[in-house]
Amino acid sequence: MPAVQDTIDRVRKIDVDQYKYGFETEIEMDKAPKGLSEDTIRFISAKKNEPQWMLDWRLEAYRRWVTLQEPTWARVNYPKIDFQDIHYYAAPKSTPGPTSLAEVDPELLKVYEKLGIPLREQEILAGVQKPADSELDEANDNVYKSGRVAVDAVFDSVSVVTTFKKELAEAGVIFCSISEAIREHPDLVKKYLGSVVPTSDNYYATLNSAVFTDGSFVFVPKGVRCPMELSTYFRINEKNTGQFERTLIIAEEGAYVSYLEGCTAPQRDENQLHAAVVELIALDDAEIKYSTVQNWYPGDAQGKGGIYNFVTKRGDCRGDRSKISWTQVETGSAITWKYPSCILRGDDSRGEFYSIAVSNGHQQVDSGTKMIHLGKNTSSRIISKGIAAGFSQNTYRGQVSAHRKASNARNFTQCDSLLIGEDCGAHTVPYIEAKNSTAQFEHEATTSKISEDQLFYVMQRGIPEEEAIALIVNGFVKEVIQELPMEFAVEAQKLIGISLEGSVG
Amino acid sequence: MLEIKNLHARIVEDGTEIIRGLNLTVKAGEVAAIMGPNGSGKSTLSYILAGREDYEVTEGDILYNGESILEMDPAERAAAGIFLAFQYPMEIPGVATMEFLKVAMNAQRKARDEEPLKIPELLKRVKEAAGSLNMDMAMLKRPLNVGFSGGEKKRAEILQMKLLEPKLCVLDETDSGLDIDALKIVADGVNALRSPDRAIVVITHYQRLLEYIVPDSVHVLYRGQVIKSGDKSLAVELEENGYAGIIEEAA
Amino acid sequence: MNLQITPQRTLAETAIIDAFGERLSALPGDGAVMVKRDNAIEAVKAGLPTKRVESWHYTDLRRLLTSVPPHDETANAKAVAPLIEGSTVLSVLNGVASEKPAAIDGVTVQPLAEKLADGSFAPALETYGSDDAIGALNIAFVGDGFFVDIAEGSELEAPLELQNVQAGGQTHVRLPVRVGNGAKATIVERQTGSGAALASSVSQLLLGDDAEILWIIVQDQPETATHFAQFKAELGKNSKLTLFIMNAGGKLVRQEVVVDAKGEGADFKLRGVNLLAGDSHTDVTMVLDHSVPHTTSTEVIRNVVTGRAKGVFQGRINVAQYAQKTDAKMACNTLLLSDDGEFSTKPELEIFADDVQCGHGATVTEIDHNHLFYLMARGIDEKTARGLLVKAFLAEVIEELEDEPTVEALEALLDGWFATHG
């Protein structure tokens, strides 16, 4: 297999330092001292002018957290994290809180410009140009047409700006940082925060509940179709800080919202911790579509540095006929530990999970989903595409379960892995549990490499090897890419190419 | 245009020698048919011409327009104008046929320092070529070769050949699995490509295809060597008497 | 602050540990064997596996193993008629090897108690991995069994049936079989009995190069019995092993299959039929290693769940680095026929080589309504039609075995089960 051998050689030589978002920005920061204690939590809460109930909630979580142990069941290996060696709060000094665009530190705006995230509303209003050749691209036929995206930009521990707030408010949609929501909409926050991921849920979620610093809050009232895409852009900049964001999205009866998140961080030798919690709540007939392009710094070619991404994401299809759809493109992070899940509580509710996880270098991915069927006639669909290259380990871990009363539960799972090179591993660990005789579950998984025959065929048409591999890989992930909003789909395809650089052009 | 000199080649994995001193010359404008019994090395020859790395050339050379191509990878050979119509075209899931055509045409143009084709121009060319092969444009939205019938796959091969405008076309058992109507369409497609500056090598087991694509020369391949060459009458003779006589004669 | 608590011993754990003290002097074994027994009971003392132990996720022994009967000297187990007529039968009755049968050409048979007593079997008393509770339990208590050696090149005409029959109390048996290069045989492993026993049985198969074995396990313990079984095999170059398992009884059953395809060109087939009824809990767990290049495997498991039965299939295929060209396919299909039944499946792939073709599929369904409608439209009443479809679903796997007497015998068992549980 000489052609493949050649690819393997190139993967070996791969330089993960090609990470494009690895720059660091000098911005004056306001930080909490290193370490975690009740005082740290009081400090964070005070910085955010939080009401007493919020502080109490945090402290309760913290007291529970100190009794817990780090989970070890995932197929990831990393040295023990010293939780006392982390800053739990870091915020740009110039921004006392969420503010209007005019007040944002120009340095910060530059960061987002460099990242390609438009924060200036007038630029966004100009709309996103459809690529000239989209006529050829079937994937783009059913995308969200609005072309406008409202952005909440989270820089280290705080939200620096949220765009289009006024226009959204006119439609009745609340889109702001979670800190602002705690102050301005305490009733909503009290009602829903922790109702999907309780403070006791798991080690990292409990930690997050104690120390979360910011994140986004979305509330779409009854019957409202959110007039534009909402998105949050997470950036870790400061050294030795953890990012603990908390996102809460509520879609009331008949509401619809599509939300996107993107993430990057500078290149550093030491590992940084990112432990987020995302909660989605969909009431009767509501629909939430949540898309992620995760591109945290993955570490260098030797596996040094990179983000530890320990994330708890869960959606609750609380209402009848509600729908929650997760789409993720995971290319970054040294370690990914993430299982966006759906609790299908309402009758006729539906959960979806579409995932692309690309690992290269020394990255370790353990990701998947849980579809918990509780209501009647609930259905779920899982499409997972894992691509492992270099020395990486890529695990799909998923659970599908139908409880006693979940009559007519339906699940379809397709889980495919592609291996590039002989030093990586691809693993599939599905848990399929049926307690109802009318449940119908179908699960299929395959693991293979790009076939020599396919590669030869494509190259025979004059397409150079790296481009040929990229073409085949993009074909392999097509089903998932189609689920992304158009702007993200184009971005994601490029990102997959960059992530596999060395084996893919 | 194509000159194969004392070519020896073996399978990399187990070292089996398949091509054992093969000589063949095909001139520009010529249609050469290569015939031979199963296992004579016909398909191997087509793979070696296209640069498949499962085979290793141990001796001899392949000259294309006077220059050796042995050091070129498959994509470079394709960009230089060598096209192989596969006996078993590969399925490429998730990659729409149209998208594939665009990438392939532009990759070759790039290799020749030409500007990429503009979308309207590309669409125009594809529509024209597909029309001449009785192909539905809707089919081109489907992933390449995935779920195509045998006849559709062969037509898609000829479509690619038309669009890529190669100088040396190698057709490996293009007639296999085709009914008579499809065979005629495919043959018409090939015949339309006949031109003074293009050579076509037709590899086939049966004479049937050669009734529609009439060759200028016929070469009989056996055990990795050309054991007899002649004009189109040689194909007719083979059809009537089989390979046994010629093999004995050569031995 | 570390709040890890050492949990209190369960009744079953205590009973096992006490039984060890009482039985030890009566168990065969030299010093080396006794050291193995001691180490094994230490593992039991550390606690039976809970659902937190990944390989026992769906069979929490601490919770499910509620009582352990004492050893019963007086239990009277009787040999049963062989599954396939004309088989050569070796019976282990109530945990003790019966007298040797007449000599079989090309086969050497020795009671295992002898090989334990003289210590020659000590090296083979090994657990696999750290969570091997069945292996540990068996090593601690194993009293007898048969050691079978099939000579190089011999082809057995009649099937060899290894019977393990219990009549209550505890029985702990081992059935090691060594198959020489190029040898061929059909081996039937019968796990049956009449009492509310705790039975453990470990089969060890060493398959020589080019050897071919069809191994059929039939388990039809009474609905009061606890049955822990393990089948371990190592496959030589170009050898072929077809393992067929039928589970049709027992209260708490765990059948482990641990196969290492360690010779190039080895081929493994697993076919399983699990018939689950009543309050039973049945767990089939397979760990298959493809350790070298060019090995192949397919696994097909079919399950039917009735009553309040709970079923589990865990199948893990490990493909080692450089075990290129591995071709492995696994399927697990379940018909859940009762609202109170449960089935959980965990088909895992662990792949460290890139040039492989591996896949698995799992389905949990009801009977296909279109099929049912079709049969009923032809005048077949619903109950009969359902029966036909369920049987067809299972028979598909059995008929793959092709050997007529074997297929007939297994289908007869199937009919028998449906007559009582259908």
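Order as written gives the chain letters A, B and C; numbering starts at 1 within each chain.
Keep in mind that, in the parts below, contacts are C-beta pairs under 8 Å (C-beta built on N, C-alpha and C of every residue); 3 or more make two chains touch, one makes a residue touch a chain.
Not measured: the values here are computed from a predicted model.
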{"item": "Chain with minimal offset from the mean of all protein Cα atoms", "value": "A"}
{"item": "Chain whose mean Cα position lies farthest from subunit C", "value": "B"}
{"item": "Distance between chain centroids, defined by C-alpha means - subunit A, subunit C (Å)", "value": "43"}
{"item": "Intercentroid distance (Cα basis), subunit B paired with subunit A, Å", "value": "47"}
{"item": "Centre-of-Cα separation between subunit C and subunit B, whole angstrom", "value": "55"}
{"item": "Numbers and ranges of subunit A residues touching at least 2 other chains", "value": "1"}
{"item": "Contact set on subunit A toward subunit B in their complex", "value": "1-3, 132-133, 135-138, 451-454, 456-465, 467-468, 471-472, 474-479"}
{"item": "Residues of subunit B that touch subunit A when the two form their complex", "value": "12, 50-54, 73-75, 77-79, 83-84, 86, 89-96, 98-100, 102-104, 107-108, 111, 119, 123, 141, 143, 160, 164"}
{"item": "Subunit C-touching residues of subunit A, taken from the complex the two chains share", "value": "1, 4, 66-67, 69, 73, 404, 417, 419-449"}
{"item": "Residue numbers on subunit C that touch subunit A, as the complex places them", "value": "1-4, 54, 57, 321-322, 324, 334, 336-339, 341-366"}
